[in-house]
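In the two complexes that follow, chain A is the common piece, with chain B as its partner first and chain C second.
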Partner chain A sequence: MMSSSSSTREGKLAGLTGATGRRVSQWLAGPVPTSVLIALVIGAGFMLVAGANPITGYHSMLVGSLGSGQGLSTTIQRSIPLVGMALCVAVAFRAGVLNLGAEGQMVLGGLAGAVVALNLPGPGLLVCAVACLAGIAAGALWGALSAALQAWPGVPLLITSLLLNYPARYFVSWMIRFPLKDPASSSVATESYRPEVQIPLLAPKGSAIGDWLAQNLGSDNPLTVIGKGVGWSLVVVIVLVALVSFINRRTVFGLESGINGLNEGFSRYSGVRVNWMTTRTMLLSGGIAGLVGVMLTIGAPTSRLIDGSLIDTNYAWTGLLVALLALYRPAGVVVAGVFFGAIVAGSGQMGRDLSMSPQIAAVVQGIVIVLIAFQVHPPRRRRRAGPPAEADNSAAAVPTNQAEGA
Partner chain B sequence: MSGFFDAALVESIVRALIPVLFAALGALLCDRAGVFNIALEGQLLIGCFGAVAGSYFTGSAVVGVIAAVLAASVFSLILSYGSVTRKAEPIVLGVAMNILAVGITSFLIDAVFHVRGVFQDPAIAGLHHFAIPGLVRIPWIGPALFNLTILGYLGLLLVPATSIVLFRTPLGMRLRGVGERPLAAETLGVSPASYQYGAVTASGVLCGLAGAQLALGNVVQFAENMSAGRGWIAVVAVMLAKDKPYATLGAALLFGSTEAIGFRLQGEGLAVQITDAAPYVVTLIALLFAARSFRRQRAAATVA
Partner chain C sequence: MLAVEMRHITKRFPGVLADDDVSFDVRQGEIHALMGENGAGKSVLMSILSGLYRPDSGEILVDGRPVKFASPLDAIGAGIGMVFQSFKLFPSLTVAENVVFREEPTRHGLYDKRAAAAIVTQIAERYGLAVDPAAVTGSLPVGVLQRVEIIKALYRKAKVLILDEPTAVLTPQETDRLFEVLRSLQADGHTIILITHKMREVMAISERVTVLRDGRVVARLNTAETTGEEITRLMTGRDIDLEQSPPKSAPGAPVLEVSGLTCRQAGQKPAVDNVSLTVRAGEIVGIAGVAGNGQSELAEAIAGLRAADAGTVRIAGTDVTAGSVKVRRAAGLSYIPEDRHAVGTAPDADVASNLAMGHHRRPPLLQHGLLKRARLADFAQRLVDRFGIKVAGTGVLARTLSGGNLQKIVVARELDYASPLLIAEQPTRGVDIGAIAAIHKEIADYRDGGGGVLLISAELSEILSLSGRILVMFEGRIVADLEAAATNEAELGLLMAGGELAGAGKEAQS
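After this line comes the complex of A and B, so read on.
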């Protein structure tokens, strides 16, 4: 995609050969690593304001995210909803459908899942599957409502999807506080689900695999720790990534929505029924959000729905940032999601170690996205003849079908 | 229910509408200059924090207001530099700035004041209310309109002022020209970039004032995420008002009434979740009714 002559040169400069090497060195010279670096430096400035040593801080962040078994486990736990929510946003933004209502779709999905898990009798696996389907349906319908309101009477989807977050959020809070409230509990939460309807952990303590891992690898081995901290939601999200990737590349819908994101006028001219395409996109996007909501609600070790638990973690909005960072590509969403998940996990650890606000994560993440939008580059050795590479980058950073002069 | 609609209700409507009005006027200027500003929520929150920090450290509400204006307008430089100079997508910047603002303020409230959630301290000086002698005695609207903080009066006066500047001065005409036909404006020697920088910075100043009114006028404290969607309401208000100043006041009034009436209904036993959701639902319904005409206006953004 980038100008080939200069990329060859850069590939050789980095001492790498072959297409992969070129792409890696190109990426390293691009805006993403530079933005991350600058954001971390600014983050260090914030740590100094809080009276902490940035080196200690980042060390603690590293240990709490990637440098220990527990850290890895937390990172994966945080990455699962982030990747899911980022996929939700990515399928929409890629189609030029600016869905800012992921949060509302997610919490309604979570609520639907909780209602099913609490009330439906029957074998655990079946209840779990029905809960997931109910969550997908709730999220998809709430998302499609915005699409419908854009088709008629014609309110921009960006605004309706955003505004619909609030009734969804307050409705869920109301449901937990009144109809679903566990009268026996002092906290504002539903009753606990039966353990067998939860999405199980991969290798919990006491299970055959869990004990085998603990005996053969030791109880502190990263695999053992991950096995008892991470649930089957991980597998669900991996399947989801593959599914979205397949839809994008191999289906008519994927092609149409991708073209619509690049140029709505062109897609309309070539016969795409934009309203129907938008509706299907919102069904897909909202459905993914709903499924993530269910996974956050009934995924072990979560055993009940607590008021505010889906909102306070801010997965929906952080997921939006992940999608922007990943340029809406499923594979990129995984990398960016794990990266942001690591920042969240590490910031939590750093907050505990240095008694600092874990909100440093939002600061660093926000700055990364702002800088990437700015297209910050490392200083160039030589000027390029033309701007093709930059034009390509900025075009990719645009989520909408609004034309932009690069 | 007797005594439900009383003078105190009118007063709380006005109190609720002023911060939204400031932010909405900022959104209006940006829209007119052709910059889609959805970072108001973040600008507003930064303004709140600046106001409380300035007031706490100096003991002066005026310094608090100045600090709020400075903080929010410096923060708004991210949007103007990004969207004007770097040609970045304003929606991306807006979303990132809103999250950044929550992060920065929540981090700093802990780092500087060593509290989490809410920062309340007797050292924070609030804004005084100035009663206008005579007028304040008018029943119903007197206490509501003529016993405001200095920012309250300023906000209400800014509506006609914005209208006059926008439609009766060369400055306003150039600003509108930059938004509607940037190339034509440039041909006539008007630099779109400088007008867009000006408009975004003005929205920063206005959001700073909104934040000061919210954090030093309506209450005297800083709470995490205390802007609570008002920046988004401002975006919608301007959309509803089709970028007209007086109509923006009307839209802000709609929001203020819903919030105030909802707050009153809480006292009557209605669940807080329902009254909290009401302003957004009412705004949405108003948008649906207004949609017919702005389908034509925003043909590009919606269905042709």
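After this line comes the complex of A and C, so read on.
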């Protein structure tokens, strides 16, 4: 897999000067389509074992993800948090800040949003905005805690950010189980928010646009269905992608963080204060995670925070994979995020259509993800190698000899 | 009888002819010093002998039989073991585990821990290499790690031991102990090749010396029949004219004032020990010294990359002792670092970003608080044109550039600040002669434009041709302050090796 991946990269380079057709065919022979194909074949085997017809299964997967209005709507709904969480990881990893705490930052953001939405009186839109800000702040501060612990006393951020997921996760669970628990409900969940504080749907049933769409395009038209199912979180995520892309390309912070991710020694030498860079990166990354948490918590049609609802979806970890696949580029994050959103949506539909147990659908989904991950490029970190003749002594010789295990 | 014979070895890397028709032989049971400046081709030659590189042409004979090494495993199989400058040990494993790695003694098919420890103890005692087989490698000082590496080679039945700059990391006492070990190995019939440029050590321990310069053998000498001065001259005497015109004006106001600067390191003597120096506008002050005598640490401490334990630093009149790198750069520092891959550039970023870093905080790159790709590209193109950097475009990755061109990227970026002070650390290491001449000219022009330069180099010819004043650094201290016109390579070579001037030379050699 490794060698095929690198040869494809060369193939892509060569393709820049060649014909588009050759480029397309080279891409098709590359690792991504190959992994998808292998995943589908293995998935088919699992479906046979589970007593389902793979062709019907894949058909309903396609319909449930991209081939119908409802499918598209579900795919977009799933893609929004995936793209958001991938963006959170991408801004951090691009800067060389290995934030594995996206999940904790997300759930705390969600909790903060829920607390505001439940308790703050006032106009719905204002409460909604305050809830978003509270979520951003909670995620950002939780993220910055890891940065602070790395600056002093020097615990690697990779470790603290990962471990801080646990207190965050269980604190949120405890909050939902006890202080915020709705005594009237049998499920472990908070009370419902006022409908007007939710992040609204784009064109819900009963709204002017929604009705206009239904009348003029028909109630089954994809646009109508998407309008009914997808909320303003979509717009928020699109803005977020544009914003991150702008930061990367146009700001001092963006240039410095990109360089920092490629070679921290060089960025330090150029006058970048690495600890401060790490802190700012974690504020940004954690803030994005917190905002995603809020969107998952108060975004319609979600009307209350249910225990485990943010974690069970695995958005944070799938988002990490999306970010790696996208090489931390915002545009790539969108493409990869929507692709994974479609897999999640489609496998759900497949499970329902074939009355397959959700576990089998999850297995197929997992296989696709694992196989796609095989071609994940490792994080681009500085490698210590140059033309060998220059490292007069052994510097250049190190990697070779280590590989030999001498 | 010859233990090793290398005939007509040529090895070329992109842009560099590392070894050019080099013939090299070592007699059975001798200690042979291989000498040369950085980039002379000695490490590449030994990497070929130890199986790391394959020569483009030429042949190798071991004990009179031709051999071809595809990997270091082949070389060790033929009895040739190399101890590298940076050790290749697993820090989490014990000494014994590191020694027997991949050739573990077994008992009933399982790793035999006791046998491994016994083997290590046996080899260690035989040659006076004091180590604890059960110690975890990561906790050991470098002097002991070196012994572990030697034991590792001996365990693999190495008859020929190559040691690459073995004393660079050792204290004088450890050096003496190492030499005792080498003599006992020699007494036991081993052959030893020592890569070094420390004159005193060569004189003390070797029987013969081969001197390389610019990838060619310039001399084969019997140590007893030569002098440190002669070897120094052979190592450094370049034919190509790297002479620079003298400064056009007298030095002006101080741009760098360092006073009492000290950088301690845990468990060892200070890397920088109470260093005071001044660099004035319009002059180049050279710091000569054998690698590892605190020059890099001094440069890093002045640049703000290393914390100082005592002393003050003023750049262009501003006290920056407590300032970050950013503060020091703003005060008027530019810095060509020793390691262009790890510090001076981000090889995986494009040329434009590499040239922009540092300049990106002010106009013309930063306008209304924002950067723009096109402005970065224009800026980079201007530097590429001005300094004659050969690149396909400013969007290509820096790693695709040759060593000389990558170095020019660093030089171009740093000189373009036109700041009062430039620290140039090994500015021409590993670059070809043409690029050396170009970089030297840029540095001289910078001086004539009123800049002050602190030039740190292991190349004596470079120091002598550029500097007005020369400071010699040895074991963290400045041991001499000389007018460049009043000194020479031989004298500097002795001072760099810790010797003393005026008749004390012979003493330092013995």
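Heads up, the rule we're going with is that the second predicted complex is superposed on the first by the 326 of 406 C-alpha atoms of A that agree within 3 Å, B and C clash if a C-alpha of one lies under 4 Å from a C-alpha of the other, contacts with A are read in each partner's own complex, and residues count from 1 in each chain.
The rule is short, and it goes like this: contacts are C-beta pairs under 8 Å (C-beta built on N, C-alpha and C of every residue); 3 or more make two chains touch, one makes a residue touch a chain.
Every value quoted in this text rests on a predicted model; they were computed, and no experiment measured them.
**Student:** Which partner, chain B or chain C, touches the larger number of chain A residues?
**Tutor:** Counted on chain A, the partner with more touching residues turns out to be B.
**Student:** One more residue to check, A:Leu149. First (chain B), second (chain C), both or neither?
**Tutor:** The answer is first: A:Leu149 touches chain B but not chain C.
**Student:** Just chain B (first), just chain C (second), both, or neither: which does A:Val370 touch?
**Tutor:** first
**Student:** For A:Asn263 in the superposed arrangement: first (chain B), second (chain C), both or neither?
**Tutor:** Only chain C; A:Asn263 stays clear of chain B.
**Student:** Do any residues of chain A touch both chain B and chain C, and if so, which are they?
**Tutor:** In chain A, residues 268, 394, 397-398, 400, 402, 404-406 are touched by chain B and also by chain C.
**Student:** Along chain B, where are the residues that touch chain A in the complex?
**Tutor:** Listed in rising order, the residues of chain B that touch chain A are 78, 81-82, 86-89, 91-93, 95-104, 106-112, 116, 229, 232, 235-236, 239, 271, 273-274, 276-277, 280-281, 283-284, 287-288, 291-292, 294-295, 298, 300-304.
**Student:** Which of the residues in chain A end up touching chain C in this complex?
**Tutor:** Interface residues on the chain A side: 249-252, 254-256, 258-259, 262-263, 265-273, 380, 382-395, 397-398, 400-402, 404-406.
**Student:** Enumerate the contact residues on chain A facing chain B in the complex.
**Tutor:** 46, 49-51, 98, 100, 149-151, 153-156, 158-160, 162-164, 166-167, 169-171, 173-174, 177-178, 268, 274-275, 314, 317-318, 320-321, 324, 356-357, 359-363, 365-367, 369-370, 373-375, 394, 397-400, 402, 404-406
**Student:** Of all residues in chain C, which touch chain A in the complex?
**Tutor:** 11, 13-16, 18, 38-40, 42-44, 47, 52-53, 71-73, 76, 84-86, 88, 101-102, 164-165, 303, 305, 324-326, 329-330, 335, 337, 339-349, 353, 356-358, 360-361, 366, 369-373, 399, 402-403, 406, 429-431
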